[in-house]
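Shared between the two complexes below is chain A, which pairs with chain B and chain C, respectively.
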Partner chain A sequence: MNIPVLKFDAVIVGAGGAGLRSAIQLSEAGLKTAVLSKVFPTRSHTVAAQGGVAASLGNSEEDHWRWHMYDTVKGSDWLGDQDAIEFMCKKAVEVVVELEHYGMPFDRTDSGKIYQRPFGGHMSNFGEKPVRRSCAAADRTGHAMLHAMYQRNVKANTQFFVEWMALDLIRDSEGHVVGVTAMEMETGQVVIFHTRATIFATGGAGRIFYSSTNAFINTGDGLGMAARAGIPLEDMEFWQFHPTGVAGAGVLITEGVRGEGGILRNSNKERFMERYAPNAKDLASRDVVSRAMATEIKEGRGCGPNKDYVLLDITHLDPATIMKRLPGIREISIQFAGVDPIKAPIPVVPTCHYQMGGIPTDYHGRVVMPRNGDFNAVVPGLYAAGECACASVHGANRLGTNSLLDLLVFGKSAGDSAVEDIKGSKAHRDLPKDAADYSLSRVAAIDNRKGGSSVAEARLAIQRTMQDHAGVFRFADMLKKGAAQILEVEKQVMNLEIKDKSLVWNTARMEALETENLIEVAKATMISAEARKESRGAHVRDDAVDSPEFPNGRNDKEWLKHTLWHREGNKIEYKPVNLNPLTVESVELKTRSY
Partner chain B sequence: MTKRTVQFSIYRYDPDKDERPYMQDISVELDSTDHKLLDALTKLKAKDDSIAYRRSCREGVCGSDAMNINGKNGLACLTDIDSLKQPIVLRPLPGLPVIRDLIVDMTQFFKQYHSIKPYLINNDPPPERERLQSPEDREELNGLYECILCACCSTSCPSFWWNPDKFVGPAGLLAAYRFLADTRDQATSERLDNLEDPYRLFRCHTIMNCVDVCPKGLNPTQAIGKIKEMMVKRAI
Partner chain C sequence: MERAAYERLRWRSIRRGMLEVDIALTRFLDEQFQSLSAAEQQAFVELADFEDLELWHLISGQEVCEDPRLAPIVAMLRKS
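Presenting the complex of A and B:
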């Protein structure tokens, strides 16, 4: 079949924070770059980030990148790679200041500097007490950031392909990535983007869970494409449940609410976090707070008629502070909880929020995978940044505000690496003759199938299976059942039927293709989680409990290692964690408490 | 709210098969947990997968699901389903070409947004740290930077309907004032020159539909008034 081929130096898939940040590097370097996005760039999910971006600016009190690094390693429950963590924390000041120069409307201190607020797990002096490190624009930091970066790209004349969905990676016989196939949503046309560099910035896949803070578009498209192209996915058992999703609706309420003084209370109106984290209290790490909330609910101290949520209370704050620092939260609370938080507390539950794992990369944003005994052999031509990537800076649990930092730092470094590699290479490598065949056959199968399952049903089956078997607390028997069940659901997903046959803006077809990506992420998650027989960070199982030998159920002797899940045969292998930073001493293993 | 059935009348048009647009009558049963119009659309789509609309964040910050709801522009994700008179009439945003069903071609809208140079212009070499801005100066940007580019305002504006190619429209002008009001921006006179034209700015006749429909509670008319004031001041 004759498929149009568009030739670019680089293609960036995704126009959220990471994609837009790398696009700035490529456009300003004068390279011919295409940015593909399923949605207009400012509709990407970075827009929904609220509380801030971490950087040790020290605008309100003393702070150091080494303290930030310590907190991030500890937050990761020592699963994060310390070279990447050092790189990120050191770079934070530079990338946040750049954003300010792009025009981002940060809130200000009285002296005119960027406003900073405390956030969970961010402490001064190696874990002593909460520190103001989160740089914020009210509670709309992601929105302000995404718009500022889109605007900078308008200035840099970046070429966008808006409402295009990438379908599959194209790798040649030597494994080099030479582009992607993509579909223009308005026409249904499949096109080949032939490139020297392909950057994945496709975001997370939080839609594998039934209850999620994530947007509809967060379907793990980059992860699905990578998995189908033979690239393993790293540490997919680690999913962050954000403590404060609006009960029922799932919409996010930022941790910044607690940073500004908000308190979690159970049905006895008790500030229960004092029992679980005597030092950091409500500002402990997210995994710790979510587990505490789930425990309160499990033990009958939940609120409401079904005792199935807890309350986030800011009624003691000055209404002027709420209006100034948390105006978006007030709107969300009124809209989705029917509660004005100035007058009454907000009902909240732990809700799936963020994927710590992803496509394995080094801290330069180059995708890596095991080859000939080298765990970190580069996949030439492929880069990844942001939530879809795993550098790994978040390890087993991400700190709030480190995601916006991650996408800035690694978006930029992936862009820089691509620029460097393109300038060092001579020409495009040849496209394989069958470059588009796989994508075309997938699309044709969906278009032509009769008597298959509906997309809505199959997607719900994925979400229910994940929610019921791999939640905040995990149980050995449920994980086992879940792993078997998700393989059954896969059969359903591989048999999707759509009724809409139109070529024009066929959202049924798009959703079917998204569901084929979701199932890859769901399998990776369930199978990796079943295999990891310890508790660490966000992955906590009933058969790995707190003991003197294994504090918090963490087993460093056997499990201080990254999971790599391969789609083929659902094979699992492990690679070592890098405990060696670039220039400073290692943050030594320690029992984690807040 | 318990289970209930809701009636819709939805604008349908698929250029691949329909000669002309038509209104489809369709109903859907909602669960007690369905509160917003977008929840109902999700249920409808499970029933008929050919209904095409944009959506993403479902919490009113991405601006995808703007549509004309019972005659008024708004976001499906922020509209309470039970507050709407039935049958609920859904149409694409007015004044822009329809691609399919509730999906409009937003090219002209974004062209106008891009025409105001929606980025900070400051040609001084960037300092090592952040540029300073007082909290009071920063406050000037409130009510401006929060725009989500949903196009509810511009597509409810008669002046934009008549001259979408010449009148910048409320969303673009709100963005223009966002940069004029920013103490860090140095392009004030260039920005005003760019708007000094019988159409680009001055086609606003303060009808204020934009203010009425903005799902974020912003006030483009006020921003436009402030640009006009700046023009006048500059002329004296």
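Presenting the complex of A and C:
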């Protein structure tokens, strides 16, 4: 078959915050740069971010990147690589100021500086007291960020391919990445992008869970493509959950609701947080509340026909207070839970929110994997940034507002590394003869299969399996069962059938291809989680509990290491955590407590 | 509505930036869209081209839709 080949210096898959930031570096360096996106750039999931972006500008009070670094290492439960964390926290001021120059309308102080507000886990003076470090643009931080960077790219002549879906990486016989295959949705045509640099910025994969705050688009395509191309995925057992997502829908109910007096109740109408956290009760920290909810549900005290959620009750609050202090919450509840919270409690569950793991990179944004005894050997021609990548700065647990920072810093450095590598190389490497065959055969299999399984059912099977076996609180027996079950679900996913066989604009085919990515992330998560026999950060097991020897269930002697999951044979290996920052002293191991 | 146009609209409804908008538009497409007049369907196509935040502000009633052609569709999105 004759497959069209488009030649670019660089292709960036993804037009969210990370993709747009790296594209600026490439286009402004005069390189011919393509950006692919499943949706119009400003419709990327980054648009949902409201809380802000962290940077120790010190505009509202004294702050220092070393304090930010300390908080990030501690937040990561010491699983973050300290070279990458130092790099990110140091660079934060520069990338935020750049963003301001691109036209980002940050909130301002009276004197015209960027206004900063406090955010959970960000402290001054090495964990002493909360500090104002988050920079925001009202409730539209992500939206404004995407707009500012999209405009900058348009000026720099970045070429956008909108409503295109990347399918697979192309690697030559020496393992160099020489481009990607992609499908134009409007025509159904598969095309080869032949490049000298390929950057993945495809965002997270939060849709592997049944209950997720992530938009439907977060299907982990970059992770699926990397895994199929033989690149391992790092630390995939670590997912951050938010305690209160609307049951069934996932839409986030802010912590503010409990702050205003909201109470969590089980099927006996009991205020169960009194048992788990007698002092803080419903205001205990996110992970404590989430675990208590999961325990109530597991022990049969959940509500509803399937006993699979608990209730967030604000019926005792004055309706005027609800309307004034919690705007939008009543509307979310009516729209997505079908209840008016003034009259009835809101069904909620701990809900998947953020993916800490991803495609392994160094702090230059270059993708790395073990080769010949080197844990961090570069995969030439491939870069990754944003939520799909693992640098690793978030380790076992991300601090809020550090992910927008991550995508700015590592988006930029991935772009810079690509520019450097392209300028240091002579020409495009040859495309393998069979460059598109793998993608074409995957598409043909979906198109031609009869009597296969339905996409919606297979996707639901993934989500149910993950939610039930590898949720916010993990049980050894459930993880074992889950690892076996997800491999059964994989068979279903490898046997997808679509009824619509049309070539042009076939959304069923797109969803089938996404589901083939979702399953890779699901397997990586389940198998990595089953294997890690300790509790750390967001990975909490019932058989690794707090003890004098292992505070919070964390076991540094055996488990202070990164997981690498390989698709081939579901093999797991581990690599050391980098405890050595670039210029300062290491943040020493300690128990994580706030 | 012609098949390709519908499929394009479907993609632009089921793959949004915000989960709130994903759910609202997907639900509308599945439950109400087919029974609309051609003019109403066209109005929904236009709404689906709005930015996510704009749409969410309309669906959640934080803003009011002034356009007499689009307002009835917004009302249906809110109720659904």
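Annotations for the structure displayed:
Methods note: the second predicted complex is superposed on the first by the 488 of 594 C-alpha atoms of A that agree within 3 Å, B and C clash if a C-alpha of one lies under 4 Å from a C-alpha of the other, contacts with A are read in each partner's own complex, and residues count from 1 in each chain.
We take it that a contact is a pair of C-beta atoms (placed from the backbone, for glycine too) under 8 Å apart; a residue touches a chain by one contact, two chains touch by 3 or more.
Please read these numbers as outputs of a predicted model, since none were measured by experiment.
In the superposition on chain A, A:155 makes contact with chain B only, while chain C stays out of contact range. Once chain A of one complex is fitted onto chain A of the other, the partner contacts of A:107 are limited to chain B, with no touch recorded for chain C.
Contacts of A:502 after superposition: both chain B and chain C are touched.
By the touch criterion stated above, A:332 is placed in contact with chain B and with chain C alike.
In the superposition on chain A, contact is made by A:215 with both chain B and chain C. Between chain B and chain C, more residues of chain A are touched by B. Of the two partner chains, chain B and chain C are each touched by A:140.
Once chain A of one complex is fitted onto chain A of the other, the partner contacts of A:440 are absent, as it touches neither chain B nor chain C. By the touch criterion defined above, A:48 lies against chain B and chain C together after alignment on the C-alpha atoms of chain A.
Overlap of the chain B and chain C interfaces on chain A comprises residues 39, 42-45, 47-48, 140, 143, 186, 215-217, 249, 251, 328, 331-332, 335-336, 502, 504-507.
If you check the complex, the residues on chain C that touch chain A are 3-4, 7-8, 10-12, 14-20, 22-24, 26, 51-53, 59-62, 78. Here chain B touches chain A in the complex through residues 14-17, 33, 35, 45-46, 48-50, 52-64, 78, 99-101, 103, 106, 110, 114, 117-120, 122, 126, 128-135, 137-138, 141, 145-146, 148-149, 179, 182, 184-185, going by the rule given at the top.
Of all residues in chain A, those touching chain B in their complex are 39-40, 42-45, 47-48, 57, 97, 100-103, 105-114, 137, 140, 143-144, 147-148, 151-152, 154-155, 186, 215-217, 248-249, 251-252, 328, 331-332, 335-336, 454-456, 498-500, 502-508, 511.
Contact residues on chain A toward chain C in their complex (touch as defined above): 38-39, 42-48, 140, 142-143, 163, 185-186, 212-217, 249-251, 327-328, 331-332, 335-336, 502, 504-507, 510.
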